[in-house]
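Each in structure tokens, the structures are laid out below.
Below are two complexes that have chain A in common, paired first with chain B and then with chain C.
Let's turn to the complex of A and B:
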């Protein structure tokens, strides 16, 4: 069945590149399944996805859906619930790169994806990834290992942070304090083209033969 | 003084005649063959006719949709996302390789490692393996039941008329017929088993009880218009064995028990079910548990063991998945029945959703609603495969044995073999599963970190 409302222009431009209207219909069905036929989704609705429990950064991923920075609504704050348009906005960060994109589009694309990840690290929304925030992420990613002591996770995070600092600021004097990784620094430190792996591809589907 | 108008008396006469005809039909074509285990083949003809009509209906929808230029909704059986089949290690290596180009033999934490988990998370949000299994399998052609079709609004007048006719037939003719049959079957079961229960124990009683059970199950099968094809009947379960099958709906019991003699296992219910259960156990030994006893695993195991060790008792019928799955896959088998040490006779049941979806989504429909849906579908068509018996090998434990049986069933029935626990439908994921992925990743990072700090 066709979509019950017209999709607003900003969203279509986001999606025009790699998502067909059929795929939007699918996402809509998935949205309805998650929201249990309501118009909006809340954080609790993500609890109904068993496979997601596998994921060590599950909390951050769900959080990202409600982060107003990702929803392009504000520079700070969390939404309580999101509607389908917001859902599509978040999904648009995971569009695969198309062959027919030009330089400018590619660059914008890449920055958007990296910004999404930056927001995941920067949990207090102040525009910088501090040492504590970095430690949080590493601890979450490594939290599944019962043999790992907190100290090890910390030292890994500290080491990585120092390396980031040295790339961005160069050698620091003993009194200098590295405040945190800003987005520009993130672009330098975060692997530049690794963002190409950050996409989800739709299956190209034809009708499947049905035999008795 | 009332004058009965000639019209009224005509209506009354017609009603009387049609009811008599209905009952004669019932008796001659359905109940009598059921008692003797004979079939006229009417159901097979019915099935073929229906198939032709469905094909026509689907073609009409597709043509109609093309004319109006609407996109047709086509269900995707394999999910909507192309999931990359690479492992966690390969992916993380690739992410890093495409990034900084640093030496790969000193793996350490990278900012970009989060990419992998982020993507995996979004993939599961978009399309989740487990939740898919629990909603009714989607069909690719329309079977004139509006409950299974999403393109319903794109049909033509002719098709609407046909659908309306279908509704009329299903609700006004088939439904009362089926309810009458079900009623007959159940009451015969209860009275028959109670009567047999008064006989002294012995061969006569066993013989009669088996046949009373069989006869009533056969009537119930016809009450659902179930068209069943049995394969490999030479592997049917013997006394002292345990019969294990995949579970899609409560009807599974009727389907299996109408082709063999089984002892049932289950919890005692109240109400009508309880009456039936109590009557059945008078005629031959079934294993019924009180609600409180169900929790006690040792008690359950002990009673089951006692039952299988007595060779004069019928084989036990068990559904180890513990809940109804939507018949596209087989979920984890609970190991209890595999610890007993008896011979296991696996059975695979596969329903053809073309004629009526037999899956019971117990969170969506109650039992009565479910039965009504069953009785207003066209038919239940399924295939049953009896697999060769399996025993537990000395080097495998109960869980491995259970998985082996499960794979055999899944392979035979063409179902997907899933490791997930069917209990997930209601509970949340056990933490043990969550840890696997995290452990693997952290081993990758930390293992090397410790190496480095040591050197």
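Let's turn to the complex of A and C:
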């Protein structure tokens, strides 16, 4: 309805994602801004967003947009570029929970959101968050403080991993090894109400931030 | 048969006690005291509000701020006008006794009675443990509606004396609302910042740190009240603003002191308020008018229910997590009135408001009804409706990591979408805070400490204290399981428990410092002081020694596994606090030291600054430190032990002879000292058999 571009046919199927047409329009405009009027976006296009610079985990966020698992294309690998449909797919992970969903839908919805988070932690795509990956996450989170030593990040990650192990497996003998946090463990250990917070409001469609 | 306290909330019992006391006094023939308004507002109310404001769960509060504000402002306004208007109608129709009460008087009455009372809400809601969202909604509303109440009250009081009320007056009244509320907040923020700034310099006089918190908060309250601004909002703002900075600056003990004093004062105030309410009921002059009182009660309830319903319908359009009808019912039912209404009514000038007694009677009736009926029935109703209760989960390090990660993720997504939302502004505020504000207000190194690290340190300390207090045998807290570093990273070798080789003069320095500390203590012990708990050294200690030896060995093993305290070149005050705070520095007795007496050290010894130097000297001086210096810290500090008998406060006993590190430690500390002329005192410090 009144979009500047002709909508490719698959997008209409995205309306089943329950993103309203108003929001699609807004995201379209944003996509156009980011891609500089091209049809696809590459990783470099994200550098043009000024506020993203301050974000300690921007690498992971940008990476998540190109992660094929999130794009539901494959179980592994990275795409080089994404089109508007893929952009919308990623954005759909952040739509708010609606009151009229039933239990099953709600549960599926929740799992999807948490899977998105899980993929961000699990950078080597092997289905588990290993100690090294977790250390990586904590290091990135603390990367905004340059004077901090790596030791601190490492010990926090170690402590967190041990806690996760003790919650998921319980008592472990000295010979058992805890490989990593699987998705089931993640559901138990992670922030249980994360799915309620994982949404972005599209209330005010007029405030579009500028790009360079 | 359920006990009385499980059915009747504490506030009701206190009022009953007040009634009894009042009745008793009256029966004796004396005139019972009435709760005077200035005592109430100046002395009884501030501690409760400060306690609430200082420990306000800020995250939930800010997340729901819009909802809370709407309930507080619009809801209270609606209640006041609806009630006032209807009561005016009732008065007109009510016959000769009520006809003379004008519209403004009724509106004034409406504004007094319509405000939800924080004291009553706190008293009742704390016992029913409902989920945090509902708690913060009702409680936040009760706190923030003070500004509305103050404005309306003063406004109507003034207007009641005017001949004519013009539009200009109404507009000015509307504007004064903003002045009152924002002015109150501003005053609070200013005092909060001053308090935070002051706490930056208190590192040498730790004992008066709590005083500043109380003092500045109270001054904020008084200053605001002086200018007829909202004192409650000032108090809340001061508490909220000063808390993160003050907590980063003050010592652990001061923090505990503040916590306990605030809880104590607020408990005392709450108790006194309810008792006085009971006494005042008996003591006051009452004028009972059936029509007025019953219709007040009825319309109060109706107004509350209608208000909540309409406002929730409006708010739910903007909320992500909608408020269910169950939630709405609890919010409506939780609108309790309390002592603030009574005090405001009592403040009314008798000359201008002849019907004051009738007002007071009606107010007391409403208060009694809400506190007794609603307070008692809310608990079974909560169970009946299966309202979600508060989850007693401890915040884990995993959750903290995930929460921060999610925050950053959502901020990033908002930036990508180009939408300046909630997270964007929060992130901007955090960055501003980190860059400028923290540097001014937090002393030393803590100003650069990221939140995750601070949280982690707090958790480690808590874990360590828990471990100590559990005694080690059989009572291992379930959060601490047998998972150790081996289980998650099998490639790391078990850390070598070797004390790094101290340079000769370093060792000498340590010995000297210890000597001076120990000797000072020795001098202290000579003078008897009933406050110093010194046990008979020989008798009790021996019985405990064997037990403790066993415990300490287990403890050490566990400590080695769990505590991976990161090394900081410059010690963060949290860790130094942990060292000073955990006073019982304990060592294991040696096998053959049968006649070893135990020496107690007074914890509040003046040489604590020196002990700080000792601890912080260690990492700095030992340049050749291997990457596992936690061993070092462990050897000196972390083997804490609980005082086993009431007599022995802190115990010095030499360490186990198991590992070479302990032997070296023993050697360091067992140096006899350069005072051979006091052999009778010199003996106890040297562990025999070395």
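Just so it is clear, the second predicted complex is superposed on the first by the 185 of 212 C-alpha atoms of A that agree within 3 Å, B and C clash if a C-alpha of one lies under 4 Å from a C-alpha of the other, contacts with A are read in each partner's own complex, and residues count from 1 in each chain.
Rule of thumb we're sticking to: a residue touches a chain if its C-beta (ideal position, glycine included) is under 8 Å from a C-beta of that chain, and two chains touch if they have at least 3 such contacts.
Keep in mind that what you see is a predicted model, and the values were worked out from it rather than measured.
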- [ ] Using the overlay on chain A, decide if chain B and chain C clash or can fit next to each other.
- [x] clash
- [ ] Please work out whether A:49 is in contact with chain B alone, chain C alone, both, or neither, and reply first, second, both or neither.
- [x] both
Open item on the list: Touch test for A:131: chain B only (first), chain C only (second), both, or neither?
Closed with: second
Open item on the list: Taking the superposition on A as described, I'd like to know which of chain B and chain C A:142 touches: first, second, both or neither.
Closed with: both
Open item on the list: On the A-aligned overlay, A:162 touches which partner chain: chain B = first, chain C = second, or both, or neither?
Closed with: second
- [ ] State whether A:21 touches chain B only (first), chain C only (second), both chains, or neither.
- [x] first
Task: First, second, both or neither for A:120, with chain B first and chain C second - done: both
Open item on the list: Applying the stated clash rule to the superposed structures, which of 39-47, 111-119, 381-389 or 417-425 from chain B runs into chain C?
Closed with: 111-119
Task: On chain A, the residue positions that both chain B and chain C contact, one per complex - done: 26-27, 30, 33-34, 46, 49, 51-52, 54-58, 61, 91, 94, 117, 120, 137-138, 141-142, 144-145, 148, 152, 155-156, 159-160, 164, 189-191, 194, 196-204, 207-208
Task: chain C to chain A touching residues, read off their complex - done: 318, 320-322, 396-399, 401-406, 408-424, 427, 431, 448, 450, 452-453, 456, 459-460, 479-490, 562, 564-568, 627
Open item on the list: Under the stated contact criterion, what part of chain B meets chain A in this complex?
Closed with: 51, 70-71, 73-74, 76-82, 91, 94-96, 98-100, 108-131, 135, 140-141, 150-151, 153, 352, 354, 420, 424, 428-429, 433-439, 441-443, 445-446, 449-450
Open item on the list: Under the definition above, what is the set of chain A residues touching chain C in their complex?
Closed with: 26-27, 30, 33-34, 46, 49, 51-52, 54-58, 61, 91, 94, 96-97, 99, 117, 120, 131, 137-138, 141-142, 144-145, 147-149, 151-152, 154-156, 158-166, 169-174, 176-178, 189-191, 194, 196-204, 207-209
- [ ] Report the residues of chain A in contact with chain B in the complex, numbered from low to high.
- [x] 1-2, 21-23, 25-27, 30, 33-34, 46-58, 61, 91, 94, 117, 120-121, 137-138, 141-146, 148, 152, 155-157, 159-160, 164, 186, 189-205, 207-208, 210, 212
